[in-house]
Structures are given as C-alpha cells and as structure tokens.
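Next come two complexes, and both contain chain A; in the first it sits with chain B, in the second with chain C.
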Partner chain A sequence: MSDYVSPVGQGIPRLETRDKITGKAVYADDMSRPDMLFGVIVPSPHAHARIAGYDVSAALALDGVVAVVTGEDIGDHKIGPFIKDETALAVGKVRYMGEPVAAVAAVDLETAKQAARLIDIAYEELPAVFDTDAAMAEDAPVLHENSGDYIKVFEADSDGNAMAIIEIVEGDVASAWENCAAIVEGSYETQAQCHSYMEPCSALAEIDSNGKITIWSSNQSVFHVQAFTADALGIPMSKVRCVTPQVGGAFGGKMEQTVQPAAAALARATGRPVKVTLTREQDFEMIRARHPGKVWMKTGAAADGTLLAREVRIVLDAGAYADDSPGVAGIAALFCRGPYRIENVSIESRPIYTNKLRSGAFRGFGGPQVAIAGETQIDEIADRLGLDPIDVRLKNAVRPGEEWMIGVALNKAGLSECLNRVRAASGWDEKRKAAPNGSGRRRGIGVACIPHISGVLTSGAIVRILEDGTAVLNTGAVDNGQGSDTVLVQICAAALGLDVDRVSVATPDTDGSPYNWGTTASRVTYMAGRAVVAASEDAVNQLKQRAAIMMECAEEDLELRDGGRIGIKGVPEAEVGFRDISGFSHWVAGGPVIGTNSLAYDGPDFDPKRGFLRGFPFGKIGAWIFAAQAVEVELDEATGRITPLKIWSAHDIGKAINPTAVEGQIQGGIVQGLGYALCEEMVWDSGRLANPSFMDYKIPGIADVPPQIETILVEDPDEDGPFGAKGIGEPPIVGIAPAISNAVAHAAGIRLRRLPMTPERVLRTLKE
Partner chain B sequence: MEFHGPSTVEEAVSLLASDEEARCLAGGATLVAMMNADLVMPSALVSLRHIEELRGIFTDSGGGLRVGAMTTHREVAEADGLAGAHALLSDTARAIGHPAIRNMGTVGGSIGHGDPQADYPGALAALDAAVEVRGPDGTRPVAAEDFFVDYLETALLPGELIAAVTLPPPPAGAFGAYEKFARVEGDYATVSVAAVVAMEDGRCSYARVALGSCGPTPVRAEAAEDRLTGSALDDADIAEAAAILREECDPVDDVRGSGEYRMMLVEPLLGRALRAAAAKGGAR
Partner chain C sequence: MSEAIPISLTVNGRTHRLFVQPWHTLLQVLREQILLTGSKRGCNQGVCGACSVTIDGAVVRGCLTLAVNATDREIVTVEGLAAGNELSPVQQALLDRGAVQCGFCMPGMAVAATALLADNPDPSDDEIRDGLSGNLCRCSGYVKVIEAVRSASAGGAS
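On to the complex of A and B.
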C-alpha cells in the first residue's frame, strides 16, 4: 500500500520562504536589464489646478537625461476599473497633491531625481475640496466637469461630486420602527488607512523592436496590469506582456495601476528598459488609501433581541479618482447589515470625489467602515434590552438553508459555530459577569461578527503533466506574500495524488497564464482553487485515456491511485505510473497531457423580487464566509490608552488547505485591524498629506500586539470549494475595531464612534 | 559628497571647521534617514566611527560618569552596574526606537539633533548632566539645560562636535525612572517624564524632574521640584507639581497628539515616574 499523505490539510512551509529569508527572492526593484534607465515621476504640487504649460527643456538639457514624458505625450487615454476617469499622467488638470504629472528617464537615479526637479510646469490653481461635506455642498467646485461622458462599467446615478449612488431597499423600514422595543442611532467616522505593504510600488518596462512592452511589476493581477497599461497608452493588449516577480505585500493597494503605465511610457519614449520605484513618501502620496467613511446608522429590535430594521447612509471619501470606489461603496452597502437576518433595510451609499489621494481597494473592501457602526449598535441594542451581546447575535445569525441578503440562498453558514467557539474559548460568560473593576485600569471584553465573500468573477488553470510524470501548475494568480502559490500547489498535488515537490508553479505571465481576475476579494483559494481542482481532474481524465490505450482496457475501468499511478479498479497489481503514461503520451500516442479549466462564479444570485438594488457594480458574488472575533482590553483611564490583552478569532473557512497559512492570514489581518482600530491614520493638512512616512504614520509593531491571538478554524466543507475550502484574506481585519469599541464600552461604559480610537480621543470621551 | 573617516577628534574638528556644510556622521539613525528623504544634503560626511576616545562608559574615582558620544543606545541600555540614579540612563536607552535603531544610534548623535521628542534630553536634564563639546578652541562643558537651545537647535557652534556626556556622582539615596508615553512601541514620545527621587522616612528628600515632548527643549521647573521635596508624593503633591510644570510647557499639535492632550498627560505620567523612582529606593 502507498504511504502517500494528501498535502491538503498539511501546514507545510511556504514554497518561497527559504528564498525570502536568505535574501534570494527577487522583487521588481532587485531586477536590472542591460542598458536600463531609471525613471522618476513628477508629482503635482497642487490639490486642484489647471495645467497651463510644460517646459521640459532644462531637464532634457541635463547630462544623462534620455527622455521626459508628460500627459500631453501619452494622450488623454482614460483608465479606471469602474469609471474611466483618470490618465496615467495628468492631462489638462491635476486633482490631488502628489498626482503623477510627468516622468523622466535618465542613466542613473540621482540624475533622474535632479531632472525631475528641473521640469517646469505652469499651473492655474482652482478651488479645492478636502472632505466629503465640502464636496457635497451645493456650490462646491466639481472635480470632474465632464463626468457624464466617462465610460462606466455599471449603472448608477451620479450627482455633482457623488460619482455613484448605490441603493438597497428590502421590506418597509418606515413601518418597522413602531414594532421595535429598542432603537439605536448614531454617526460614525473612520479614517484613511495606508496599505503599508513592505515593498513600495515598482515596475520595470522594456520594449522590443515590434513595439511590444514587457513589464515586471509588483501587482495583484498581471491581467489588470496588462489591461490598464494598454488602455493608458492607447495600444492593443497584445503589445503588453506582464510578469510578476515576488511581491512584498499589497492588501488591495496594488490592485489597480501604480507606476506601470509611467514605466511603459518611458520605455516607449526611450526604446530602453526603464525601472521606476517609488520612495516610501511618494508611495504614501501617490498611490491609494482606504476610504475615510462617514456612516449614519439606525437599528431597531424587538424585545427578545430580534433585529427588525436597519437604515444606513454611507458616505465614502473617494479622493480625486474613482478607482475601486464604486465597488467598495457597493460592498459597504451590502455588508452594513452584518451577518444577520434583517427583513427591513434601507441603505444608501455614495462615494464622493475630493481633492485628495484616491481611495481604493483595501483588505475588508468597505466592510471595516460599516462594521464599527453595525457591530457596536448590536451591543447597544443588547444593552438596552438587558441581553447578552453574543445571545443577540446568535438569535439573528444567518443559518444554513436560509435566504438572506436580497434573497440569496445560503447553503452553508458557520457563524453560530464561530460565536459559540469564541464564547467558550474566551471565557466570555465569566468575563461579562465580572463586576467592572475600580478606576485606574479597567478591563472589558467585546465581540464582533463579520460577513464576507470569496466567490466573484473569473479564474482559470492549466495543469501540464511533464515527460517524467511530474506536473506544472499555471493559474496566473499572483502570490502577494499570503501563500497562494503554496496553497494552489497543495490543491493540485492532492488532486493528482502527488507529493507537493512533484508540482511546480508557473510565474504569472500574461503571455502564458490563464486569466485570473486578481488576488483580491479573499478569492484565490476558492476561485483559482476550484479551477485547479477541475484542471487537475481534466489532466487525470487525459491520463486515464492514455493509460487505457496502454493497458488495453476501458477508461471507465481505471482509477487514480495515490502517488501518481493509474490502475484498473479491483486489480491492485494492474497499474501504470504517470512517468510511463506521460512518456507514452509525449512520444507514442495521445499527445501531451494538458488539463485546463475556466470558470466564472456561478453561485446563487440576488432575487429582484425580494428587494430593490440599484448601482451595485458587481455581478454574482457569494461563497459567503463568516467570522466572530472577541478582544479583551485594558483601559488606562489616566491616559486613555487601550491595550488589547488577548484576541480570539473564529473563522468559517470550509476547510483549511494549509492551516499554518490560514492562521498566518488571520494573525496578519488582526494586526492590521489593531492598527486601524487604535493608531493608524493618514492626516491631511488641506491638500497636503501630513504624515507620509513610517516615522509619523505608525503601524503596530510586535510589542503592540497581544502575546496571544487564538485562532479558531471552523471547518464545514463547502460543496463547491476546492476540497471544501473557502477564503480567509479579509474577515480577520474587519471585526477588531468594533470588538475593541464594545470591550471599552463593557469596561468603562463609553461609546467610541470614531476611528482610530487613539488615547487622546478615548481620554476626551472619558472626560465628557 | 565627500566622506571622511578620521581617527582622532582633532582631525574631525578640523574637517568640520573647514566646511560649514559638512556634517558629523555618528550612527546615522537620523542623519541618513533625513538624507534619504532629501531633507539635508551635506557637502561632506565626517564619520566618527573610528575615533576610539569617543566610545565607552566610564565611572571616575569620585563616582561621576562619562559616556562617550559614539556609545550606542544598546551599549547604554545594557550597561551593568550604573550606580543609583545613573541607571536612569540605561532605562532611557531601552526606551529608544527598536533593536535595529539601538544598535546604530548613539548618545551624541541623538542629542546633537536637538529633537525635544527624543529620549535622552529629559534624562540628561534630570541627571544634571553636562555635554563635553570639542572644537577648534578646545574643550568646553555645557550644562544639559543650556545645551538644548530650541527645536532642533543646540549650543554646538560650527566646527564643534560632542565628545561625551558627563554625569556628576549620583545624589545619595536617589533613583531614577523614565516614563514614556508613545502611540506605539518605538515611536517618539508623545510625552515623557524623567524623574530622579530620593526618599527618607516616607518623605521625598531630593527631586529632579524633566519632561520631554512638551516644548522646544526639555522642560524643568525648580519650583515643581521644591514643591515635591519634603512631600510624601501623594496625589495632591503630584497634582500641584504638575500644575507648576505645565506653566513651563509649550507643546505643539502634531500627529502624536494635540498640545492640549500632552498637557493632560503630564500629571498621570509625572505621578508614575515619581512613584516608580521612589519605589526603587524601597522602604527607606
């Protein structure tokens, strides 16, 4: 018998770990090409201004400068994933301080930096708006005067600086309030958060004699890079090839364009390879951030805690360009009800243009901005009704077999299990009963629940069996450092009955990889994983077909056996190994085995009869995932500091393909959530970002993280997921801020409604 | 940009004196970061790394302490056997940045930057330290309180460098404590308090207190120290001393907190620093 152990469920180390630890791993900025130039981007010094003219003569006259490109050179080719409203270099107007206006390529970085300072651009300043209230005022300056002409990939109303208005209505909120025994209402404010990936944005572009541009860059989807670069330069996608070396983190910040179009424009202008790598300050000022949010919410419940109605108005500060804002605003509108059955909802969500850095995708994607409102209101309701916060959540938690969220059928839902596990592990009932300790340092515990998805859009996979019977997997999915290459190889190896070291993983390359929408939306394990299983099964079927010829039997009589063999059912000794089959197929008959699969998310859809949904910019979404998180805190009443003491995080993940990697994702998300909850905040002084460095913008370090984060994996396999798996990337960040706010309420009876909950804000609230 | 690596203080001083745009390079923890951010562009760097007499921690026969300017924060943090209140210097060094910063950064580099948010200035003020300055005209001692002139401004003249900081013998029976409040571990202080306290029969017999991040230089108030001396360091004593200290403060509003918040922190942090220092003396 085989001593084969399936790689699925094994917490094996990441495939690339050794290279990263020893410094062998290659990131975009580590790369060099013969004759390579260095590119530097010139940022706008104004928040809102008309470009009156360019004088690049002094820069071009500098020794070592090879080319300068401006918006005039690359043309008015608009890009944007939802609304095509920006150009790779500003054309006509600038709309935020830091916006790329021109780019220069020179023989070395120092010369390029010096040349960038010599580029003289004349501006006529325009009135600017720096927050959503000012942008929504009747006489506010409009950032995009011709927004009506923009191409939109979805249907939504817009209004002045409101780029989209998203509405969800179910039931009848107005008449539901009168049946409520408790109604809570409040306004909540959240901040801009920096993605703080370790690797600043970088791209190296090179052009061949046929005008085809190859781009190595840090990104979340080579296919996005290909599409927006082709769009930005006005060239066919067949003239752009995108490749990915190692990526040093992304978290949503590298989902759309960064510096790739500028690098490509410089390569085209010079005919030479050009590398553009941002400094940390430029990366802060130029790329994107999490949307600041203003949320008004009202929730009502019956005396037994049954949630009856919720009304929500969401305003997101989108910054100067739409980027992923319509998507984020849509997901915020969808998730603001929390993972609960609420029959009456009325929700409106508006992303608003302002003269600041664009906001975009960021782990949680609209969830964190509404969770602080929704999950603290559940606690306030519990408090009013004299009920336990976990009991109220369990009463309303969506359950398997139900329809929820505009009539979507829910096959699996592990939320109640997550809540029960967190309750038991944290000693919740004891800790909630404990009388608040005296003044000075107070302790409290709070909980929050999270809904998310892991199924959306499209993916593919190719599994080739090599001549010796080993395999190579190609999905086009970019590993951002979270471990998807390892997980996808584990899935492929398990589906083929091979060990992990018998499966190679191909680097994402638009010339050779099947399409993958992106490493985003917690979707790679679920979506690419499904494609990998199906492509592996396709390969196995082809192996059986070849084996049937070799063994002179019917294909239906054959079975896949562990360790890379095909055998005749019921006849243990009758079998051939993959090596023999592949040799046969390559050199005798059948042809090389190439298993493929292509899929679009195909789960249950919204039911238009169940509610009104307008302006939502995604098609089918699903493969719902749920989580419950609890945080115990200590509050220092003298300084206002909140110290998280211990965190419990339970996740409905279907199946952990690699439990170690899953726990890593949970812990990483929690640390990023602690930063969002307690200390991270991008601050603007009018149009100028005041803290564009890690000296002034602080993320938590190891000493700021509680010594214990207990991860709890709730495994109830999903019918469609690969080996039952669903996603994990985003939920861990979302519940931390509301759980902490709830814990502080438990400790000291105060309600914190603004993030981050800095010691100063806490102390002021305590003194109120 | 030129780079020099002299092996004597005299060579370094003459290099600095010959070029006003030249800068001393100590550990580089601050200067190199500022150069990378294009905030300073020196014409030359004079590295002090190879000057042996600038390193090390020495106690003299009278009990005074001399810490060479090129001594790293880590070396100060790990210095064993510093007597009484001198150990405050080690406590302070342990609160600076992260291990990587403590391995690179130096005493001289830190105080030479003149940043009132840094950790050493307050501790030096509370310890009655002096800065040993070397220049073309020889050596001159500058009291810590006079050394810090304004925000990012020190008493150093062109051509001068910091050779060491010196501490008088520790006050009898006194112990120090450093209370630092920062947004996250390793950040600059939002407010810091360095305190040196001696207790006799439950009464404070000696008190020195300096606040960091509360003005352009470390903040001391003799009246506050007088108010504490002779008291039992109870809540009212601390509240009144804090009120006197606050009169001397002129804090800024920045990303680490508003000036008003810094003022709110003075009293609780002062109390913690004083009580921690007093507790080190045990039941005297």
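On to the complex of A and C.
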C-alpha cells in the first residue's frame, strides 16, 4: 500500500480539539460525582505566625457542613520535590499569606465558603521577611528553624534562609580578566510572574470502602500527584489513584501539589466525593510563581569577541517553601553562561526563603532570570569592541561535536543555523546599519540566544495491539494543552506503520499507566517519545514472532510493511495484516501483543575532571536544544512605551513531529515572554499580594501581539530523539526580554536591567 | 437563604424552567443547573472571557450576568454553535489552523468570534483584534486564533 503517509511531520489538529471547541471537553471543575461535596480552603491571613489554636465549632455547627480538617488532623507529613519542608495544611506555623491552613467540606459551595469564614484560628504573629536581602541579613528571622531535620533528595550546603548553595567553577576566572579587552559588569532584577493558566487549580477526590482515594485533578504528572498526596496524608501510594481530565494550561505551575491533598483529606474525613476548585484570587495567592531574581554578572572578552570569562551570583526569592527552587537555582547556574563556549566561569546560585508565596517551576525554569543579564552583556561587549552582536554570538556559539559546559559532549547543536536564519529573515544587517532615527519614536532591533534541555529523568510506554490490529498507546504523560497526546500518537502510529486514527491514547492513570516523571522540562516529546518508539518496536517484534508461527518462517525473514502488515522480505505477496496476527495471538498462540519500554535519560554526563559542580540537584540532563530570537521594537520617548513590531524565532528542534503544534508552542511562549518583558509583575505590599486578579495583573491580550511573529524550525535530526525530535516547550519564552532590552539599547542607547520594562521604568532610565 | 425565583431560560433553542437565587449568575446556572459545562469559569470577574455567551446575539460575560436578567431571551453557548456533528465555520477554522491548545479559553473565544463575524462578516485584522480583545488565552499567543478567524471570514478563503 504505497499510499501510506507517515504521520510524523504532519501538522494534524490535536486529537481532542473537536471536544474542546464544542464544549464537550471535561476539565476537573466540570466533573461531579454522586453525593459530591464542595471543599473550600482557608488561607493564612499572616505572612509569618505561630498557630496557637483552632476553633472549628461554629463552622461545624453550620447547616450543610460535613467536615473541617486542619493541619493537626492530617498531621506533620512533610512534602516537597527536593526538600521535604511543607505540609498540605500548615502545621504549627504559617509562612506566607494565603498558605492553606484548614479546609471545609459542605453540601454546596456557598455553605462551604460561609463555613470557611467561621473557622477561628488563633495566631501569634512572628517577624517576617519579604525580600532576599532582608532574609539574608545577620539577624533575619529564620523561616525553617528545623531545616537540618528535613529530608533532602540532593546534597548541598545551606546557610540560614539560603536553602541551598549551588556552585559551578571551571578554569580560572581571576586570571582570565587580565586577558580581556572588554569587561562588562552589572546587576539585574527580575520579577515574580504568575503562570496565569486559564484554568484555576481544581481537584475532585473520592474514597472507596477500602480507603483507596481516587483523584481527578488538573496537573502535570499523575505520578507526582500520587506521590505527594500519599506523602501528605501519610498513606501508602497504593491507596492513591490519580487520573487526569483535560488540563487548562499549566506552564510549570501545576507540576507539584495544588489542591489535591486538601481534597483527598476532605474525602477521607467525610467518606464522600469532594471537589475543591480555587477562585482566581486564591490561585494567585496560594499556588506558586516564577522566582524573582537578583543577578550580578561580569563578562569579559578578547578583542576579537571571544568570550573568556564570566562570573555570576544568582539570588532567587524562593518564597516560604522550597518546592522546585533548588532545581530552578541549579538550572539558572547551568544556563547563565548562555549557549556559548566560555572556559572560565565562577557561578554561585542561592534560593532564599522569604515570607511570600512559594516560587516554583515556570516555563524557562531559571533561564529567564539569567538570560536578561547574560544576553544583554553579550551586546554590551559587542558594543565596546565595535562588533556586531550576532557576529559575537556566532563566534562563541556551541558547536556540534565539541564538549562544552563541564565537559558535556554535544552531538548536535543548531545554534549557528538559528542565528543565521534569524539574521537573514529579519533583515538584521540593514536594520543594524540604519542610522538612529532622531528623537520621538525610535526603532531598534535586538537578538538573544537560549540554551535548554529536553532530556531528563524517566519515562515509559506501553503499546498494546488490540484484537482487530489497531493499537492503544499508554504513556502516563499528561497533555497540558501543548499537544503531547497528539505528538505521541503520531510517533506511535509512524513506528507501527499505521494511520493516527488506528492508534488511541490512554488517559494517564496511576493504576494503569507506565511511569512518566512529568510534563515539564520540555521533555515529553523527547523522553516519552523515545519510550513510545521503543515500545512500538517491541510490539512489532512480537508481531513478527507471532507472524513467523503463522507463516512458518523465520522471524529474521520478516519485515514491517506500511499500513499494518508483516511480510516476508523479498516476497511482496507473502504477508499477514495486524488484524490476523492479533486474532491469532489472542486466540491461538503467542499471547496478546504488548510492547513496553522503560527509559532513564542516558546521554552524555558532566565530566568532574573538567569543572567543579556542587549542590546541583539533578542527575544526568541533556538532549540540548538551542534557539535564537530577534525582536524589532519601537520606543516612544515621550511615553516610555515599548511596542514590539516584529519577532523572529528560530529553534533547533531536531525534527518537528507536528509542525503546527511546534509553531503554536513557539508563538505562545513568545507572547508569555512579552508579558514577562513588558507588563507582568506580581507585587507584594509587605506580605500581601497586591494584584491577585487579571484586572490588576495584566497578561497579554490579542491586541498586544505584534502583527508579525515568524517561526523558523531548524531541523537537524537528533540521533537519539524519536524520529530525530527534541523538545520545544520552554526556549520560546526566554529570549524575548533580553532581545527587547537589546533592541531598546539599539534604538535609544539605554540599558534596561530591571523587568518588566514598563513605560515608567523606561522613562526613568531615559532621564538618567 | 431567600426564596428561590422561578425563571425560564432559553439556551441553544431549548427552554429550561428553573429555580434560582437572585444572586446566581448565568454562568453558575448554565454550569450547575443546566449542566452545560462548556462555558468556563476562568476569573469570575469579567476579565478573561472564558464564560462568554451571547444573549440575543450580543456577547456577554456569563459570570457578570445574573440569571434572572437573562429570562425569555435567546442564549447561545459554545454547545450551541455546531449543527449536530457539523462544526460551525469558526469552529472548523480554529480546528484546521491548530489554534486550540489547552482549550479552556476556546468556548468563549469561539462564541466571541462567531458574534464578531455575524456583525462584521469580513473584518480586518485590527477589527478581529478588537472583537476578541476581551478573551484571554495563555497558550496560543493568539497568532493562529487571528488566522482562524480571518480564514472563517467572508474574504478568508484559503
């Protein structure tokens, strides 16, 4: 059947799109169960306080209230992905305003809300710290007095409110400065960004007579939900089953716990299904944000633009609990050199506890906080040396076949190609040559480069051939809307030689799915995709083994043919279809065909002889991806407003399994990057978040998007990736702010070192 | 609680007789009483637009509209856009263009885009931006949304 077209490389619509645009798609809050109760979480009104006592009698006396649970009820069971330092409901102390303290279940939402207000908790306020400088002061109040007793999954030094100290040293920075023709140095400040997924966090939990709790929730990994809920309640993981309905966006914000443990605790207390859905305001105040960052950086280069040394001190405001902070701080330390060969680096990164909302994973994962420093310093170096910023980047860009940071071998690296493509598409050389266009409205163009990874941790896949020869794919990977279900089905179908409508995808379910660490770190296409290819190949081998019995031949003589057939090599007419093989295997001999694979990231590792790496909380990471982004802006000198006019974004992705979905990831990331660069900022008034709503926290709307966003896919297949593919999720957000800052420097000669670059800040810098 | 008020709501051509509290929003009644959960609660404050529905052809926020004020008028939700299994031109274009990611904003986006094209069958890109400026999306970057609406418009055959 020569008319078979491989689904890989086809921009097919996402499989669930029809459900989503007709209103049929079910998200957690759309669900209900018989006899279901509604849960509301009571937040802490204090930034730092000791809990002196609870009086829940008035709440329990309210008609319709079924149960109240507090931290005392669920116990001091600590959770956390890197440092187990928090409980699902506060125990003993609260450490930020908005922290869950108690939860109540009632027959309807209005009653539950009313009851939440009647729960009387006595607090003794404690001194609080709201920024990292205050938290690092000698006499600062310590948030976690017993941090020495906490379980950590990595080894790192700590120091007071600094929960970890991560260090990377290579070469000899101190003596490298002497050889530099240009040295730039500066301090940079970035803000807290709210994930602003459109779907507020929601979970529905129910318990059976054996005490097994099932949780449907909005999340990025059913396996994380299972693990932290079991931990939080002090019950075995086998008593928790986690399932995922549709997820309304996540971007890192739903990677760790949200409201699942509270919903589960209420289900356990009441014996009935309980749904907990946050209001938007609570979601802002309770869940997590991107780390505010303070970065000091110094970079030096030789006269020809060769980067010789970089020294970096990163301080991240982690908020009240560690969450993913050690990981984010580690990645920031790793990525702060940019995608460049720099032989001498000295880097220190510290995540610091403060009495604010926890910071956690957010698309870019430490990259954005350091990119604004690193990528604007490259431009300053170019400026000092009279060189073109793209030329300087090309000179230092990592190259395939070389080793770079801490001795990691790079098989593929498409950064130079990304830069060249952006340069050509944007008309860079002409635009950079253009003389500054007077005062008033000035135009400029800037560029930035991004390194990222897509290989980390573990995944699995099960490909089962159904009785009729079609297949069901089960990976346990949660689709957050980016399209991973579709992409994984395309990979599976292509590996089996089937059309996509012959492969169905199983809903992630901890009772039946193979483990997948999470939909995070730009890793699902690469990691789960590799497992899918291998599981599909396993299924094909089993099909061949059954076919060999049927056709009375040797397995080695058989080949997979497009359209779902196994045939004898060189004999076109000798073949059997998957349907016949599967029927045979189910009812006659061989047994059902179930292909499986289990995989841990296995790429090249750091070389301890090449550098000093301490406190880094991940094992092997890799499958490096690179990108270059350029933005042309108009700066209005009268108002200080920066208007992005055109954006070009080139990405080293290996192979686009679904080019339409890849473009969507790039466009969406860019617009989140515009928000980060220009307008989004969570603002605290002491411990209180001052803008917990979309009214006061502005994310980009359709009118804020420049008319031209050009996506450029650089396809040089990765040797290990599924059909050559690597990840794409995170890089598109990272380069936008530094590219804009560089474009403003080109337009008006000012350097913006504080995000977001609001009109007020631009005007202030213009006046200086 | 005060006495529930008997009302009738005509949603997607079907009339429902219901008892509601005077403070119940249209969104709440659609989702919780009529069990049409397509309209989403993204902010409950009239900013995100995920709850957009039309009343007599005009786009309103379900979360800012009291159910009692929507009686005896024609309400259309996302569930009412397709004719059976046949998607409306706007829905088909959103699907074809790959504009849908997480989909949480899409019910409101599809309703607003449909109303926009009913009013102005051949809008310019600026008019599309203007018409959808009340619908937030965090996934798509809007690029493919604009392309989809343009392709569903009278002049948008491509």
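Just so it is clear, the second predicted complex is superposed on the first by the 767 of 768 C-alpha atoms of A that agree within 3 Å, B and C clash if a C-alpha of one lies under 4 Å from a C-alpha of the other, contacts with A are read in each partner's own complex, and residues count from 1 in each chain.
The rule is simple: a residue touches a chain if its C-beta (ideal position, glycine included) is under 8 Å from a C-beta of that chain, and two chains touch if they have at least 3 such contacts.
No experiment lies behind these values; they were computed from the predicted model shown.
Novice: Touching A:660 in the superposition: chain B (first), chain C (second), both, neither?
Specialist: Once the two structures are laid over each other on A, A:660 reaches chain C alone.
Novice: Does chain B (first) or chain C (second) touch A:701, or do both, or does neither?
Specialist: After superposition on chain A, A:701 lies in contact with both partners, chain B and chain C.
Novice: Just checking: does A:466 make contact with chain B only, chain C only, both, or neither of them? Give me first, second, both or neither.
Specialist: neither
Novice: Applying the document's definition of touch, where does A:107 land relative to chain B and chain C: first, second, both, or neither?
Specialist: In the superposition, A:107 touches no partner, neither chain B nor chain C.
Novice: With both structures superposed, pick whichever of chain B and chain C touches the larger number of chain A residues.
Specialist: C
Novice: A:22 in the overlay: touching chain B, chain C, both, or neither? Say first, second, both or neither.
Specialist: Only chain C; A:22 stays clear of chain B.
Novice: Pick one for A:709: touches chain B only (first), chain C only (second), both, or neither.
Specialist: The answer is second: A:709 touches chain C but not chain B.
Novice: Report for A:248: first if it touches chain B alone, second if chain C alone, otherwise both or neither.
Specialist: second
Novice: Is A:693 touching anything from chain B or chain C once the two structures are fitted on A? First, second, both or neither.
Specialist: Both: A:693 reaches chain B and chain C.
Novice: Go through the superposed model and pick first if A:550 touches only chain B, second if only chain C, both, or neither.
Specialist: Once the two structures are laid over each other on A, A:550 reaches no partner at all.
Novice: Pick out the shared contact residues on chain A: the ones touching chain B in one complex and chain C in the other.
Specialist: Overlap of chain B and chain C footprints on chain A: residues 279, 693, 695, 699, 701-703.
Novice: Touching residues of chain A toward chain C in the complex: what are they?
Specialist: Residues 11, 13-14, 16-27, 29-30, 195-200, 246-249, 251, 277, 279-280, 480-483, 660-661, 663-664, 667-672, 693-695, 699, 701-703, 705, 707, 709 of chain A touch chain C in their complex.
Novice: Can you list the chain A residues touching chain B in their complex?
Specialist: It is residues 113, 279, 281, 638-639, 641, 679, 681, 683, 690-691, 693, 695-704, 758-760, 763-764 of chain A that touch chain B.
Novice: Under the stated contact criterion, what part of chain C meets chain A in this complex?
Specialist: Going through chain C, the ones touching chain A are 31, 36-45, 47-48, 50, 77-79, 81-82, 87, 91, 94-107, 110, 125, 128-130, 132-133, 135-146.
Novice: Chain A touches which residues of chain B in the complex?
Specialist: 33, 36-38, 98, 181, 183-188, 190, 254-255, 257-258, 261, 264-265, 268-269
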